[in-house]
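My questions all concern the structure below.
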Amino acid sequence: MEAIILQILNGLDKGSAYALIALGLTLIFGTLGVVNFAHGALFMIGAFCAVTLSRILTASYTVIDESQTDFLGNPLKVDMPYVHDWFGQATGDAIIDWAVPLSILFAIPVMMLIGVIMERGLIKHFYNRPHADQILVTFGLAIVLQEVIKYYYGANPIPTPAPEAFDGSFDFGAMLGFDPNMIIYPYWRIIYFVFAAIIIGGVFAFLQFTTFGMVVRAGMADRDTVKLLGINIDRRFTIMFGLAAAVAGLAGVMYTPINSPNYHMGMDFLVLSFVVVVVGGMGSLPGAVLAGFLLGILESFASMGAVLEILPGLNQIIIYLVAIIILLTRPRGLMGRKGVMED
Amino acid sequence: MLGLGKKDFTLLLIVAVMTLLAPLLLNPFPESSGLAQFNAGYPDLMQRFVIFGIFAIGFNILFGLTGYLSFGHAAFLGVGSYGAMWMMKLVSLNVIPAIIMAIIVAGIFSLAVGYISLRRSGIYFSILTLAFAQMSYALAYSVLTPLTGGETGLQIKSSDTPLFSNVADGDIGRANLFGMDMRASHEVAMGDWLFTFNAGYYIAGVVMLIAFYLSIRIFRSPFGTMLRAVKSNQTRMYYTGLNARPYTLAAFVISGMYAGLAGGLLVAMDTQVGPERMFWTASGEVVLMTILGGAGTLIGPVLGSGAIKYMENILSKINKDILHEWFAFLPAGLDDFIVAIVYPFVGKGWHLTLGLIFMGVVIFLPGGLVQGGQKIGGLFRRKKASDNDSDKSTQSTPAE
Amino acid sequence: MAILEVKNVNKRFGGLQALGDVNLSVEENSVHAIIGPNGAGKSTLLNVLIGKLIPDTGSVMFDGQSVLGRKSYQINQMGISRVFQTPEIFGDLTVLENMMIPIFARRDGAFRMHALQNTFSEKGVVEQAMGMLEDLNMADKRDFHSASMSRGDKRRLEIGMCLAQEPRLLLLDEPTAGMARADTNNTIDLLKQIKEERNITIAIIEHDMHVVFSLAERITVLAQGTPLVEDTPDKIKGHPKVREAYLGESA
């Protein structure tokens, strides 16, 4: 029992990342009909927004501290972050400590801008091209974005810790009446899950309760008819692309403390997220979210020692295996709608 | 000639001559000149040209003719490599049984993957093949370690004593063709030029020519026409009494066997294999080669693989010092500026150039280098005969 | 003798009765038209005939064999060829190649791996294809990229491709839809010529009364998923029930 709860919890944070990326992919596919292979790169860029902000915040100048000396007796050189000057030592330290959550504010405009530029500058020209061309051009873009990041940030993972307040773990087991220390779960992962749930809820609410969302949903169902109504669907779809980019970016920002960002993390997640989208059902938003969590949890279960003893390596292939089975038995995925991408 | 039309035969002949003379043609710069690093006439790289040429030629039979975009073809290359490796470890160091084994193993594996993946088309097909390839990669990396050597891969070791090869105790066996070492090279110095004629390269080159010849035959056959019909209109195909599935499956298996052949040859040349050969970026690379050269054309994949392997090897070797050397003639300051601009695109950053070229090709030149060549050729021809063939403009140009 | 026999076919989509007790028989070597107002179930019936839809009850027999549950290429091989509302041709191929494919299909069946022969030196195939193109007056267009032809020419090629298979029944789904008058007349003339020159049964689903009355020998009027009347064109023209259900709207 403890093991099962623990695995479900472990699956949640990865599942959250899958769900967030898959949500954006589905939004883009559903509204624009474009298969975006560069979506993983957006997730990665989001993570590097956090890296960038924490670098900006820790930007410092060197001062010579006469009160301290090094072992040779010379005055010690100390790096002095500018934020200390501006906000004082305590506030400055807190700001640096909270760099990752603060990056959310930084990432939203940056990611939306990147998304809009991408859509207007590139994707727009591929609406009427074959899916193969869309895959290929976005694949090329993904390589370019990834290489640019690699050039500026290097190839090694960059540790980007969560605020100190979230160090340590929460003892779920004790709360539920099991032995202490049986089911422990790091605080930041709880934060990540809650954050993902809020974002997902926000996107759904936005689509459900705003006029904008209504038009977009109508466009997802039948683009041509909505156009006939004289609604400028293109501009809304551009904003939708920006939104999807922001969702992927935020997923990346918050993921940095869980996994130190590197330039190829986007591609790693992209392949799996595509599988998630297909399993959930191309063009179905609830399907994408459901499949994201489902596969995240399944993956976590497959990594249990007991399972691996019977079926070694299952954790490596479980997601692909499920995808293959789903695609063959339910071609439309778990919640796919009729008429979407059926050829 | 050889069952080919005149145009196709000429094309084959040109490719044959180029392959034969590659050690000369690819080494145009004298050894002592600063441009010597642009020479591509060394065995290792030339082998890669022809082997990845085979890979792309095979991929083109699937993607170019039927339009099914597989994102998992590297798996077949990898499986072929492992098959060939084991043949060399256990049976014989002669490359021929190893290569045959590679083709058979890849053929069987692609039959299984194709049978399942081809139940879907479009993006679903791409993702299914991707899923299969990633699964193979993950398995080769972990559970199948006894078979694949896991992360380190497989090499021929001194402990390997193939059944039909006499390897002295403690010696490490070498791949050969009836006793001729793959690594045997003959170097010819002419003035300041040094040309290397390598046994392995010529064997791979001959195999590539055979593979290329077969692909021309397939392109021009009724089977090839049917594959183009699949790409063009499956509805009409089914309502003409034809079953598209076995056609696509046959194309899939053929291209899988080409991939296996390439994988076997890779092992025959460097006697090692690792799971990274199956990673999905390797699958992406062959897509890239085919597109860059021109999908659906005969010569495109050969050009594309050559271009990409050349860039990979040459561009990635350029470092900051070399750049500074080149731009030294510029006034101080300006040369640093130029180097700073160029540097991200070369050396370790060559993937960036690759990505940009790839995007450029898809955006501006969907037909690849071949289409680009035709466009340029068309410009010249139009100048010569601008008005006497204007009425033929609606006629199709057969694929080159 | 009836070559195509539809008996008691019913098909429901949820609450909608798309086809209700359809009985229909098409005589061999006749031209039989199926007409009816929008939503009468013409397309559903056609989809049943070509095996795309399986009816809830009833049978569809072609030449004594059931077509139900067979794949579209198998039904085609039984001798039923279909012409689509929008011409379905191999747009990436030349006109001659388009014409050669049904000839290969007739010779080799659903699949044959003839990977090393040359397409254009296969015995007799080019000749047969060219013969067919000459019959269609399209021989001069043999090397045209078929996607870039006019709709009329595409239709002509599509009909020719169907004929090249020497089918026993040719099914036409609104063959002149979206065509200019001249193209429509050309198509009618072509179909008349086919009717005179070949031993073939033609079943045609059509909206355009001009087409129906210039070709059909028998007409079935479909309304709300059920055949209303079946008779010769002359009788249909004056039939009060038909006027009420169908012609009344447009006359």
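Odds and ends about this structure:
A, B and C are the chain letters, set down in written order, and residue numbers restart from 1 in every chain.
By definition in this document, a residue touches a chain if its C-beta (ideal position, glycine included) is under 8 Å from a C-beta of that chain, and two chains touch if they have at least 3 such contacts.
Since the model is a prediction, treat every value here as computed from it, not as a measurement.
With chains reduced to the mean position of their C-alpha atoms, the one farthest from chain C is A. Comparing each chain's Cα centroid with the centroid of every protein Cα atom identifies chain B as the most central. With centres taken as mean Cα positions, chain C sits 46 Å from chain B.
Measuring from the averaged C-alpha position of chain A to that of chain B gives a distance of 35 Å.
Centroid to centroid, with C-alpha atoms defining each point, chain A and chain C lie 53 Å apart. In chain B, no residue touches at least two other chains. Within the complex formed with chain B, the residues of chain C that make contact are 50, 71-73, 76-77, 81-82, 84, 88-94, 97, 100-102, 104-106, 108-120, 122, 143-145, 148, 158, 161, 165.
Only residues 3, 5, 217-218, 220-226, 228-229, 231-233, 235-243, 246-247, 250, 254, 394-396 of chain B touch chain C when the two sit together in their complex. Looking at the complex, you find that chain A touches chain B at residues 35, 122, 125, 129-133, 135-137, 139-144, 146-148, 150-151, 267, 271, 274-275, 278, 282, 312-313, 316-317, 320-321, 323-324, 327-328, 331, 341, 343. Residue ranges of chain B in contact with chain A, taken from their complex: 67, 69, 116, 119-124, 126-128, 130-132, 134-135, 138-139, 141-144, 280-281, 284, 287, 291, 344, 348-349, 351-352, 354-356, 358-359, 362-363, 366.
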